[in-house]
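Note that subunit A is present in both complexes that follow, paired respectively with subunit B and with subunit C.
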Partner chain A sequence: MGFDYSSLFAFILFGLTIGVVYGIVALGISLIYSGLDIVHFAHGEIYMFGAFFGLVFSNQWGLPYPVAFVLAMLCAAVLGMIIERVFYRRLTKGGGGYTVAGMGMIICGFGMSIVLMNIAFLIWGAGAEPFHVDLGMPFQIGDITLPKSYALTAVFAVTLMTVLHYFLKRTKIGLAIRAVAANKDIAYLMGINVPLMISLIFGLACGLAAGAGVLIGPMQSVQVEMGYLMLMKAFAAAVVGGFGSLPGAIAGGILVGITENLGAAYISPNHKDIYAFLLLILVLMFKPSGLFGVVARVKA
Partner chain B sequence: MNAVASLLEYPSSYIEKLGNIHRILPWIMAFVVLLPLPHILETTLNEYYVYLANRICIFIMLCVGLNIVKGFCGQVTVGHVGLYAIGAVTSALISLHLGWSFWISLPLGVFAAGLAGVIVGLPSVRLEGAYLALATLGLGESVRIMIAVTPFFGSSTGLISIPSPAIGGFVFDTYRSYYYLVMTAALIGIYLSFSILRSATGRAFMAVREDTIAAAVHGINVTKYKLLAFVISALYAGAAGGLFAHMPPGYIHHNNFTIIEMVTLLLMVVLGGIGHIWGGVIGAIIVTIIYDQTLEFYFYQPLLFGLSMVLIVLFMPRGIGGMIDRYLVTKRFMAIQEGKSNGAS
Partner chain C sequence: MSKLNKTGTVLGLAAVMGVTLSTFALAADIRIGITMRMISENGQKYGQMVMDEFDMINKAGGINGNMIKATLMNDECKSDKGVANAVKLVAQEKVHLLIGSSCSSVTLPIVDVTSKAGVPQLVPHSTNDKITKKGSAWVFRVPVSGRYYAGVNAKYVGENIGKKIAYLCAADAASQNDCEAMQAQMKAQHGVEPAYTAQVQEKEVDFRTHMQKIKNANVDGIMIAALAETMARALIQSYEAGIPASVRRIGSSSASNSPVPKIAGDAAKGVFFAAAYAAADTRPIARMFNEIVKSRYGINSPDHDFSQAYDLVRIAEIALGNADLKLDSASLAADRTAIRDAIAGVKGYQGLASGPISFCAEATPQCRDGNRTAVLIAYSKGGENYKTEVLARVTMPIDFGL
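This part shows the complex of A and B:
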């Protein structure tokens, strides 16, 4: 019995596409962390909301998929900004590290994620909703059948990342965002509207999460509880790749996706959701700065 | 407010006097006062409320344990339910498969939870704040998924007919008899947590919470104390889990250890005030009762809990414990002021 290389290749390919999506969410988490020094606990729920927005726009309103994609991103960005302005701003203004006072942000985010999850539950119900996108016949590469949604995901994800990279590195607003991430006080002195930039960072990150949600919709179904696992996997991706770096988050996401798919295929499919976490623990134990060696900022 | 205060005046001064004789006396007093509670509940209401009292006691243990790592040591963990689950499942499996008595299986379950506490605590050496929170969340959820998908741990059916504990011929197989067990355990738990807070270990925890670097400069082994805090709180969680598993229906299911339970637990601690032991106890009592009374609005319950958590953090960051502290401080201040004015005139 020979080892089936083509199925191995297929698993890696599927892992890669899923992993890119994890990477996009991880990117949002990294952005918020570098911009606001907090981890947004409700990010998984924003992702879930994004998927539902996409579902509504695409399936109920009958908009074409790319339009639904962009609209869902915009809506989620606005939602994220509102949440940040109304709830988180009070806490981040209070400042403080992660002492007992700073613990408020984590608890607040945790509570917010539960609230968002239940709002979605009350609107759309608990069942898994299929996300139909008619893309035509799947591709045939050798003897692997690759659904078009996977290819589409890869294309959208790469486009998204290129745009983001260009935005952060080449535009003036991107420069301002990087300045705010580096040092808020000095950014203030340089005449940057820091509160606005923080809102923008939040909106950007939430938009990315929503984009990931719309991308993953056609591959899996859309359901209320999807956000919570996604948060953990994206977080694992961010840590594995090294906090903060854009390529690191994507590479971490891809690694998590491939590990998960291979583990599900060759070890046990039931424990699929645990592998990402195992990888996270391993990386934390042996190379805490992440695979790409970006030194994690230590805030004592 | 004043009426309540004057009502509390006499017992509190009495407790103080008792505490001056020996510091364990108020606890024995509390034990005696709480003994007839199930009898009262059963005669005035019904047996269900005794069950509720048992649940409250178990949640008090969880809360007190969570307060040690979160309130004293300042490490954020949201995977506490995972440790609770480990304690429960270990104790249940040992007594089911090996047939050992509760008095051996419970310590073993507590021990297993303690070991898991080391694993949960390990990231705390490397990770800070919110990242630690996410790592612990992942671990807690992994434990639940493990239980949910592995038949040996009672995947979808749960573990049934877990034997009740017994001393000699006396079997703790009703809610009422079990109450004595969990109430004693909860009281011991609260007492021990006060002891820890008073000891050098507790002071080291607080030093780590206030400023890690300053603590290290003062010769505190930060890694050791962080891990210790995790292990102690894991021991509490394991004990609570074991007690929960052996509670009369003798049934545990992975649905007992979901994120909703974690939210409930977190809400208790937040409502009570992080780092305030009595606050945590009060929070546990209030939230368990509210949880029970709102069971019919099942759909809206997590929404209510999550929203109240957010609002408490925003508008009442020190919780009930903070209010109590402020009241006590004001009272002391007033007393000093009065003494001064009396002395002056």
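This part shows the complex of A and C:
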């Protein structure tokens, strides 16, 4: 019996569709890291909030899925900016990275994660909520059945990344954000409103996480506890791609998604989550700066 | 004269105090501790049902004039929290009876706590075989044991569906037990090994790789053994992977929980499972119960976790009524023993369960797995207004699966 290439293609396709979602969340984490020198541990909960926002807009308010997608991103962006302004600003003023304030920021992130999870629990309860999006019959590619929600995820993700790339590379605000990410002090001297840019970076990153949440909702339903595992996978993706590298985050996400699906298919299906972290360990052993080679540095 | 008056006053006071004390003694509380999984809407309602039923008993005058003081705690289906709750209830609250837990993985370690402390324990929902195989003299199981469910499922599957079965087993104790027992029964009854088997995380969200492999294996049926939300996701993704409806989906005992049809929607249609109670039951007691649950908790088709909570309270009521309780500070150990012996004396209880529930004194699964009748149920409609139909009712031999 020959090798089943059709199944291999299916496993890679599944890996790609989940991988781009990991990548989008990792993109937000990398964006915050490159802009603020902090690792945001409450990002999984923003992703969860985004999924619930999408669910409310789409299933309860009856808005079309794309509209719910955009609105959920906007709401999460506003939520992220409020959180940054009210809670994180004092700590980030003291610096990020390996400073005492940076450590405080990590702890604050953990605290925020628990607070957000409990707020969501009070609002939506602990049970899983189905996120029904009727997209019609799935695509049939040979022996492979591909639901439209998976294809939609890939399309939305690519669109999102293209828009983000254009925004960061071709607009003045994008240039300002990149300047703040490169060096906040020089950005100040250049007349850039750094606090505003930091708020924007946070909002943008949270909006991306929410987008990922709305994309994953129809595939996996929506639940208060959904953020933790996604955060772990997104961290793995960000590190594999190179922490702080935006294209690296996407590439890392896709690589993590494909690795875990192929591992589950051809090595052992029993512990699928291990493969992502095995990949992470391998990358850290042989290329600690990640595949896209961002040199780790400590900013003043 | 004044001396006589003083004596009279003292005697009068003594009489009043005596009456008061005896009233207190008569109205002593029977302390019951409950630890359950209450992290979902339904989980909270199961706990609430137990509390409401005890409240109704109190309003009707209590048990032999004694009021029930019930303490309800949430263990979130986590072993450490369940054990902490049990220790608190047993050692600090000094409960006479412990009820818990909903999850097998929590109930298993609690059995050690109640066994060591000598506290009778009534299990409301947990199905894992090992709970009663531990040999504790203090544990009694109201639900049907997993060994009976597996026997019923395997018989039906082998005779009506086929023998090429794929298994997806979540990592929680009940699902693992359901999977292992079903595989063992398929081998014992039909001589077949699993066509595909995989263990998934308790809260796994992505089953697509498994489903693609199962699709390629051309199986007759897929058994999904997982907690409700996980099972619902797996069901949806099985259809998304293109596995046709002709491949029957077999649920573990938690398929009875309402989140499965509610979340899975159309993907729940045709899923069948063994449970202790069917909402489609036409007996008057079942119709009355369905009405109670609907009016109190807004649930149209109560699952077997509701019925088991209700049956458990009735069994506790019977046992507490039959037990000779002193209920003073010195009699705690004796009262606990009396309650245990009274539960062991419950024979042929006919409630919502599809067959009679009986216990006996020996600390064996034969004596402590009181409910041996499983009902095979299928979802005929998914979604919010899901519907079920009864496929079969089977009472298993007492030694089955041992």
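In this text, the second predicted complex is superposed on the first by the 286 of 300 C-alpha atoms of A that agree within 3 Å, B and C clash if a C-alpha of one lies under 4 Å from a C-alpha of the other, contacts with A are read in each partner's own complex, and residues count from 1 in each chain.
In the analysis below, a residue touches a chain if its C-beta (ideal position, glycine included) is under 8 Å from a C-beta of that chain, and two chains touch if they have at least 3 such contacts.
Computed from a prediction, not measured in an experiment: that's the story for all the values here.
Peer 1: Who does A:160 touch here: subunit B (first), subunit C (second), both, or neither?
Peer 2: A:160 contacts neither subunit B nor subunit C.
Peer 1: In this superposition, which partner touches a larger number of subunit A residues, subunit B or subunit C?
Peer 2: B
Peer 1: On the A-aligned overlay, A:108 touches which partner chain: subunit B = first, subunit C = second, or both, or neither?
Peer 2: first
Peer 1: Which of the two partners, first being subunit B and second being subunit C, lies in contact with A:236: first, second, both, or neither?
Peer 2: First partner only, subunit B.
Peer 1: Who does A:270 touch here: subunit B (first), subunit C (second), both, or neither?
Peer 2: A:270 contacts both subunit B and subunit C.
Peer 1: Identify the partner contact of A:205: answer first if only subunit B is touched, second if only subunit C is, both if each is, neither if none is.
Peer 2: neither
Peer 1: Pick out the shared contact residues on subunit A: the ones touching subunit B in one complex and subunit C in the other.
Peer 2: Common to the two interfaces on subunit A: residues 229, 270-271, 273.
Peer 1: Going by the contact rule at the top, pick out the subunit C residues touching subunit A in the complex.
Peer 2: 39-42, 198-201, 203-206, 208-210, 212-213, 216, 229, 232-233, 236-237, 240-242, 259, 262-265
Peer 1: Taking the complex as given, what residues does subunit A use to touch subunit B?
Peer 2: 33, 38-39, 41, 87, 90-91, 97-115, 117-119, 121-122, 228-229, 231-232, 235-236, 239, 270-271, 273-274, 276-277, 280-281, 284-285, 288, 298-300
Peer 1: Write out the stretch or stretches of subunit A touching subunit C in their complex.
Peer 2: Answer in residue numbers: 4, 7, 10-11, 14, 18, 125-130, 132, 138, 140, 144-145, 147, 149-150, 219-221, 223, 225-226, 229, 261, 264-265, 269-273.
Peer 1: How about subunit B: which of its residues touch subunit A in the complex?
Peer 2: 70-71, 74, 76, 78, 119, 122-123, 126-131, 133-135, 137-139, 141-142, 145-146, 149-150, 209-213, 259, 263, 266-267, 270, 274-275, 299-300, 302-303, 305-310, 313-314, 317
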